[in-house]
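Here it is, the structure in full.
The chains carry the letters A, B and C, assigned in the order they are written, with residues numbered from 1 in each.
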Amino acid sequence: MSIRARRSFLLAELANALGLEFRGNPALRLDGIAGIATATEQQLSFLQDSKYLPLLAQTRAGALILRKEHAQDYSGAALWSNNPYLSFAQAMQLFYPPEQPSPGISPRAEIAADVELGAQTRVEDFVQIGAGARIGDGAWLEAGVVIGAGVEIGAGSHLYPGVKVLAGSILGPDCIIHANAVIGADGFGFAQGAGGYEKIPQIGRVVLGARVEIGANTCIDRGALGDTVIGDGVKIDNLVQIGHNVEIGADTVIAGQTGVAGSTRIGRGCRIGGQVGFAGHIEIADGTVIAGQSAITHDIRQAGIYSGVIPAQEVRRWRRTVAQLHRLDGILRRLRGAADPASHSSSS
Amino acid sequence: MSIRARRSFLLAELANALGLEFRGNPALRLDGIAGIATATEQQLSFLQDSKYLPLLAQTRAGALILRKEHAQDYSGAALWSNNPYLSFAQAMQLFYPPEQPSPGISPRAEIAADVELGAQTRVEDFVQIGAGARIGDGAWLEAGVVIGAGVEIGAGSHLYPGVKVLAGSILGPDCIIHANAVIGADGFGFAQGAGGYEKIPQIGRVVLGARVEIGANTCIDRGALGDTVIGDGVKIDNLVQIGHNVEIGADTVIAGQTGVAGSTRIGRGCRIGGQVGFAGHIEIADGTVIAGQSAITHDIRQAGIYSGVIPAQEVRRWRRTVAQLHRLDGILRRLRGAADPASHSSSS
Amino acid sequence: MSIRARRSFLLAELANALGLEFRGNPALRLDGIAGIATATEQQLSFLQDSKYLPLLAQTRAGALILRKEHAQDYSGAALWSNNPYLSFAQAMQLFYPPEQPSPGISPRAEIAADVELGAQTRVEDFVQIGAGARIGDGAWLEAGVVIGAGVEIGAGSHLYPGVKVLAGSILGPDCIIHANAVIGADGFGFAQGAGGYEKIPQIGRVVLGARVEIGANTCIDRGALGDTVIGDGVKIDNLVQIGHNVEIGADTVIAGQTGVAGSTRIGRGCRIGGQVGFAGHIEIADGTVIAGQSAITHDIRQAGIYSGVIPAQEVRRWRRTVAQLHRLDGILRRLRGAADPASHSSSS
């Protein structure tokens, strides 16, 4: 079951709003969106991947967004799109626009005297806002959010419950920060001294651009000296770790549980899978794509697709693989020697 | 040091409660449980693994749960069990039953007017409950919990401090959600448009069955269109990421820091190690066992044990292994050519 | 941009405070610290790595901390140090000392009647402190912190917003716990019964030594029977998982997203990279160094550097590598047979 749509559309209205041609009864009313296998006669759906073509014969959806090249496979109401997935995203935004919170400041919030609160902001219960913070017009701080001293929250940004934004952090407009994320904790910086590690005070900031989305329980550390900078339109999933002084270029997306060590610079328009680990102090070219679970230990200077993921196997077979892998160096040296006696002397 | 037991038992009472035969003084009083090496004369312990048999001669424990086949190795008070570890778990539940909170609603909680609160619920300070939520009988919401609009919390469920359950999520009875976990944040869904990524509103729900346990700081994302569904009796450890529209079958256990990408379906009764990564849109058979740190990139159709973990080595040796691995394709092609000239022409 | 320094120093004062010899005008005033490339004439900087030697000719920094052996490459004001990075850390502590919170108890905190609050503590809004807890002198609990029953917080410890410390946990003096970390959640302990998994009550504690630092959203689980113990001076980064009954020796550092399964013992003075996974019930020698993303599945008895990380490659090349790896066992068996017929019979 899904959340009920906030709006409904006639087919012709929808086609107009999405800028698409259509086929079917212009007055057909659609009151929500669902997957192609479950949509009802009152719902819109879409077909992106041709592997689902057989579903065209079975779907009960009231109308479909699909490519015109599939017109012959389907006789129902249709919206023709060259990019059905994007049109679907846009239709979702029409049917399910972001909730507009009613403005107001909870008497159970604690706001320092000199905080600048923009127009139409919503500040919920148990929110604490520190001295000198500035909260932009229309920003929405849900329950239990904590905003440190001097923080700036851009207009229209939405902070879900429990988000912590620590002193000095800057968030651009229209950011979305999911529950319990932490923006601006200290970076992990210590110097080994005679009596143990000595803490290096972390005095940089976190600076997020416009339209940045940060996942639940994700951590973006403040810079050690300079800033940690996340570019416009960057989307970061849950449980991601971004170290101090990392820079991430605009419109890069990073999936869950990935970690980026300190001072690494990731370019614009990159797509990073989940559970990837980046070493510190490296640079990743604009437009790079990295498969989940990969280890990135060196600069990537040329955009491309990179992977280091090794799919699991049945355990007995895998154990033999690992045993061979762990002896690989010696085995290959010997084999090369046996296969080609010359290689032995030339390599030594 | 451990928490003090809430109850004490005579040996005969305990044997009766656990359904086990016993040997020893029925009136022996036991006032807690400890490990076999540290238990005192007033404490119960257990022996599961035969590698600890030598400890039988040394233990000071007042009584032991053990297999009858070990009777000859030990002369003290005993409870005979075919599964000492399970009997130990049950004994732990007897000595250390879950804390029964005193019911009551803190005046420092903020509860929407139309919330349905069951009998005997406990709602602590700084809890916020949104419109239309229903809180089952005996549920316990600790400090700083936030419950979104329309959420249902099953009877007897216990939410530790700082848990966030976002709008529309459904929790079955007797769930335990550990501190700062986030249930129902948006899934990670975007479509690439001309001006950057466009957000796909996430309109599905999270639905947890009965007796589900979710670890601290774990995230279970809401579905994109349909629901994310966690079956009865599923146990999920800390810092786990469950993506949108994932389905997890009953009685599956998942260890810490594992991530499951969107729309993947994990069967019933699976055991998943820590730091495992599952690709999206795959299916895992009932009863599958997966070793920690494995990458699961394809369907697993047949139950079994799967692994992809490569144990670390001393670094110089490992670097040689990786160097060979990275050149493996070329090396093996050449070697096969050298060892068997026919293979070269047949493969080209 | 960085946080403004809380103090300024004359060059001679600074040299004296750091115990370093210097060159230059003793009355030169320095009002902050920055990187060598960005520091201004009023700022201090440092040179640690000789790869940055070319920057000596360009820096505008008012003074530098550097090795005396680099004196000939640089003519400006200098503080001579054998360990410039450590001296830099110490200078940072002088310019940016930890914020001293003004003591006081928020009327919006909820504190049980029998809590012992030390002198000069600061307890902020929406903090809840349970029965029997003891809060040491000068401790600072930021907004939304929750302290369970019987917890002890050492003098001078600083808990950032949203930290949860569950019942019975013990924190030593001068600990720093970053936002939304969870100390003392239940360990992951279940026994398989006839009707699903049965929970094993987790009755041990978490015990942190002195000067422990714990990262944002990190989880340290309580022990099952005994305690989980983190030694003095241990530094743990964000999003780390420490399982029940783990013991970590003094002055060990652990980077982000690493996981340590239950009952594993890590020695003193170890350095552990990010995203490392430790199996349970193993022991790691004092002084061990482990590269990020490694899997540690067995005891490490001898200190050294260990790695299991495989750097990613361009994806087509990597796919061929994985294909060969997955067939490695069979290929090598055949090759060894071909290269040396004797090896085949001797290995069987």
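Just so it is clear, contacts are C-beta pairs under 8 Å (C-beta built on N, C-alpha and C of every residue); 3 or more make two chains touch, one makes a residue touch a chain.
Values in this document were obtained by computation on a predicted structure and should not be read as measured data.
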{"item": "Contact graph of the chains (line, ring, star, complete, other)", "value": "complete"}
{"item": "Same-residue or different-residue interface between chain A and chain C, half as cut-off", "value": "different"}
{"item": "Between chain C and chain A, distance of the C-alpha-averaged centres to the nearest whole Å", "value": "25"}
{"item": "Residues of chain B touching at least two other chains", "value": "126, 144, 162, 180, 217, 239, 257, 275, 309-311, 313, 325, 328, 335, 339"}
{"item": "In the complex with chain B, residue positions of chain C that touch it", "value": "110, 126, 128, 144, 146, 162, 164, 166-168, 180, 182, 185-186, 188-193, 196-201, 203-205, 217, 219, 221, 223, 225-227, 239, 241, 243, 257, 259, 261, 275, 277, 279, 290-291, 294-298, 304-311, 313, 317, 320-321, 323-325, 328, 331, 335, 338-339"}
{"item": "Of chain A, residues touching chain B in the complex", "value": "1-3, 5, 33-35, 38, 83, 85-86, 88-90, 92-93, 95-98, 106, 108, 124-126, 142-144, 160-162, 176, 178-180, 211, 213, 215-217, 232-233, 235, 237-239, 250-251, 253, 255-257, 274-275, 292-293, 309-315, 318-319, 322, 325-326, 328-329, 332, 335-336, 339-340"}
